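Chain nomenclature is as follows: A, B, C, D, E and F, assigned in order of appearance, with residue numbering initiated at 1 for each chain independently.
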């Protein structure tokens, strides 16, 4: 079996840590690491919903993703200084938002809004998958906070499943789990998979960066991802403890 | 078998037309329709590459997607007036660019740039897949134009495959091909698949808008999409005739 | 008499076509061609007016003009990507809006808003005059649509006249009608004239691009424009048929 | 004969003053008043031309117009704060630039750039016409400054004519010269006319704000404007004295 | 004692003039000069407050500062054209606003808003201190205007003190008052001090542009500034006369 | 002696921690805490200088400050999403840059650029002073890194002093050191003081938020700040160890 640059086997995650409640300000938060990738996820709860949703008896969950300028090996300019948000940032923010909404029952949430912020403090590949995995933990805590404050009813169950995400890719013809940056840039195909705790798919985003891929390769990647996500789900449960 | 609102079977494309060379200004162009969805695709060829690529002996292909304000049933504000591009526009522009680059040999293209513009004149679902499918036709013509002008060598083969795209989705539990707008809003799962003429995948982007999906559903969608893309490939070939 | 590059006499319009109802989404629409210049004009009707007009018993008509990036011989960057609208675009949008408002009785329109979008699909000179001429056709249909829906009363007459526009210019000392792009760039003086069906002026915008012009030249240009506009008015009537 | 609110006859200018050399920083400047309208015009000379003109042996003249937020009776927000320039500002800046370029021989100017800034300190109608009239004075001085510094040759004659501008309009059916703000808002038709010292037209921009106008009205307005501009030309000559 | 380039002693202000009521449009205004530095200050009064203050029985005073592009020796681009406000502009606007609010009793002002605009027509150092000093005069007049109109009660005393500002700096080791531009660029330390009529500090902003400064230098600068501000306060009183 | 809400004496700093080298990507970094305030400071070294400095044999140091949206008790919108940077952000970025440049010998740095990024992960008052204090540590490490790589000569001494910063303020008439957020909002006067290791002032920025302050109060604040900064200097030395 191939050994990867950092000593992992192809189907092995990097060391994952989840510091739940890292922020003393947010209703829910987690500082998550996938190896050297570190993402601070906060969940901000506010009663009420945006105007377009008012009076429908439903809540709203949305997300914003960003990277600190020196999260990466070379400093990149701030989007606030450029005065506009890049396509990649938009794309990932939307992905995180959709992934979380997929496990939320908006009626049970009631007319409340949760904004998830995922800020990458250090980047080494897999920032969007770490963000989704950490954001779920922050989301759970924000919901528990809201329940404690009476914004969510005692018997409401706004979370219908858990959710985590992992990247997979094909490098030198071999499918691998949870790519670090040096692997990501070499991958022929790169896929991000978002999976619920029950093992269902929320998002499957596969891209041929180099050579297009066939059905067999796609299947192998989906297998790897499903297993990785199951493992991440276990770590989320552990981090959340009795929540 | 279920009959769809517009009379199609679940595995049937809408009527597709490709008006090659619609624009008298661009080096390559196509006005493509997937049912009521109409996208004007132009390919603009310029010798030379952006500064960051200069001197590497490679070309560049990029794409921009936009919608006319009244392409849709309700008018939406212009992004130029808002002063910023929305996340959806960014996401689709990037998807089109990646899809086309996947079938271009940048070395064979040489230090030349092709910008693809896909402007949706009328929208009824599937605008991104129509855009990719039409853009390929425009791209072929721009390359032939460039060959004629001597910008691309006689023996260079910059196109290594063809590419088309189609949407698939699950509606009321049933997988369906090429969703019209009314179907798209009802779909539990929505997937855009970009496939080469040889049947390889370039992009697989599946999203659970409603309920998450399982592996069997994913497989059924991929089967539908592969067949639909094969059919679109045939229509591209026909439109291109002897090019 | 001078023969122009495209075979026209100095006082001759290019072939003009008006495809009424081109868009299946808008309340009114027309795809108009002045030679190779093609502009898609849509009219979007919405009940209600902007806040600053509310409660005054008057309607509002406004217009936005834009060009597809590859409408022209060389691709120009999108204004949405630049994040701002250029002076020329602003100027033309305002001209179209004023021209249409000049023939609308805002009280008869009632508290309703019509937004005209003129998107240049292909440009070969005279895009603003084609836009105004086509926009009038779209406007008529949007008003009829609104009457059908009961937003405009049966006996209300919101349109008090028709309106069309044409460019004229002096080339090599000779006044000419409806300049194509190659003529426009050579013109010493360039004038856009907006005329109502009754032959009154709504806008007269003459600019000396090269040598300033005297009163006699100005008079000759106005004569040409008045005749050209009369002819365009006839084509509008024909396109509208029984509307 | 009608007497106007401020005591003028229909064909009378407001009191016009030109303080040449108001700015101690600019190469040329003038603070011009048309009644209460006050515009500070500066001309900034720099050797060299924008990149797109380099090496063609020609100069460049351009203009920017703006209004202080409290130039008007009600404060309006700053365009810098809004982050974008409005259509009206764009339109007027372009008009001023074209008007001045019409009297400049770019070859005689050589590869030099002059930027005209017209900032309205107080507004009471006619700001664009005052701006053009004052800008010409600033332009003359900037050219003389440049000649003194050797940037323009001793025998070069970059100014081929002088230029001034005035507004005219029809109020209650009567043509009037140089409209003050209270007249401007009531005018059925409003026209800005830019005329050279030799009496030729550079720009004729007539707009029916209320009722469209006929040819006889247009002729009467042009007569009034021509006379007004001749008078302004005399005042420019006087202000410039021996320049 | 050192004589400065313009003949002043180290503790001498430049000639200061205040043209009160320069603008015929604003509720209060002053054109103030500190030597060649000229700033037009207007105060715009509007009944009502921004939404976030509504119903609290308090008023609001805010300020915006800007420079005309050719106020300085070399033309600088307009912030409206760049589409964003620079850090220096932001910083000075905020300083002016805070300085004026320090002498206003917001309760006595009542639910009214005053916007101060300080536009630098010519710059030769000390533009922010001239702006604050002139803005106070405009503010007084706007308040008197409002009292006359009944927006401020007869017995309300919204102004609890007067305020002026002056710059000081250390040049070649010597503390100097009211730096002109040529002095400012050479200063090792530069301090702007805002002082009330009663001699209290509102703002002390000292910056080591060159060498850091010690406590004794800081003390000497504060002494100079306090005296300069007292003199400016006298000039304000004189300009305001019987107000 | 007054005891503060968090148990401190008026002249006591909050617990300060400096995690040097927190980032594995940047050339220098520190995660600094002043109580609950946490700022991640990175220093990015690049050979070369911006164009306007090229060829002058001098280096450049600049800084950017920002706050994560949920650093504060209530979430605030991202400046990247708003598309512009607020005045406060600009002001603080500029302050940090000036403070660091005051202790750098730009000639000894040579033609190299260091960009400091200070991102507030959690905010509880004093974010700008924590940022400056932490940024100095990051700066030292970036310079040592550059020396190791040969970008800075062995005998060059680009750092001529150290620098730290602290806030002071008057609360209920009593001067206090290092204000936490709840203190800051109540302070009548608020001052940020930047001091070098040798005890010289780089910046003194005092603002009367409530009542203006007299000279005696100013003196008391400066004494407190000088002592606080001396203590912070000791902590910096400790964190840097043998650097």
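Here is the rule we use: a contact is a pair of C-beta atoms (placed from the backbone, for glycine too) under 8 Å apart; a residue touches a chain by one contact, two chains touch by 3 or more.
The chain lineup, named per UniProt: A, B, C, D, E, F = Ribonuclease PH.
Predicted model, so just to flag it, every value in this text is computed and none were measured.
Shared contact partners of chain A (Ribonuclease PH) and chain E (Ribonuclease PH), listed by label, are F.
Path length between chain A (Ribonuclease PH) and chain D (Ribonuclease PH) in the chain contact graph, taken as the least number of steps between touching chains: 3.
Within the list B-C, A-B or E-F, D-E finds its counterpart interface, over half of the contact pairs alike by residue number, in B-C.
Comparing the residue numbers each copy contributes, chain D (Ribonuclease PH) and chain E (Ribonuclease PH) share more than half of them at their mutual interface.
Rounded to whole angstrom units, the spacing between the C-alpha centres of chain A (Ribonuclease PH) and chain F (Ribonuclease PH) is 33. Centroids of chain C (Ribonuclease PH) and chain D (Ribonuclease PH) (each the mean of its C-alpha atoms) stand 28 Å apart.
Distance from the chain D (Ribonuclease PH) centre to the chain F (Ribonuclease PH) centre is 51 Å, each centre being the mean of its Cα atoms.
Shared interface positions of chain E (Ribonuclease PH), i.e. residues touching 2 or more other chains, are given as 83-85. Ring order of the chains (start at chain D (Ribonuclease PH), first neighbour chain E (Ribonuclease PH)): D, E, F, A, B, C. Residues of chain E (Ribonuclease PH) touching chain D (Ribonuclease PH) in their complex: 23-26, 29, 36, 40, 42, 44, 46, 64, 66, 68-73, 75, 78-85, 89, 115, 117, 119, 121-123. Here chain A (Ribonuclease PH) touches chain B (Ribonuclease PH) in the complex through residues 84-88, 90-91, 93-94, 98, 102, 161, 191, 196, 198-208, 211-215, 218, 222, going by the rule given at the top.
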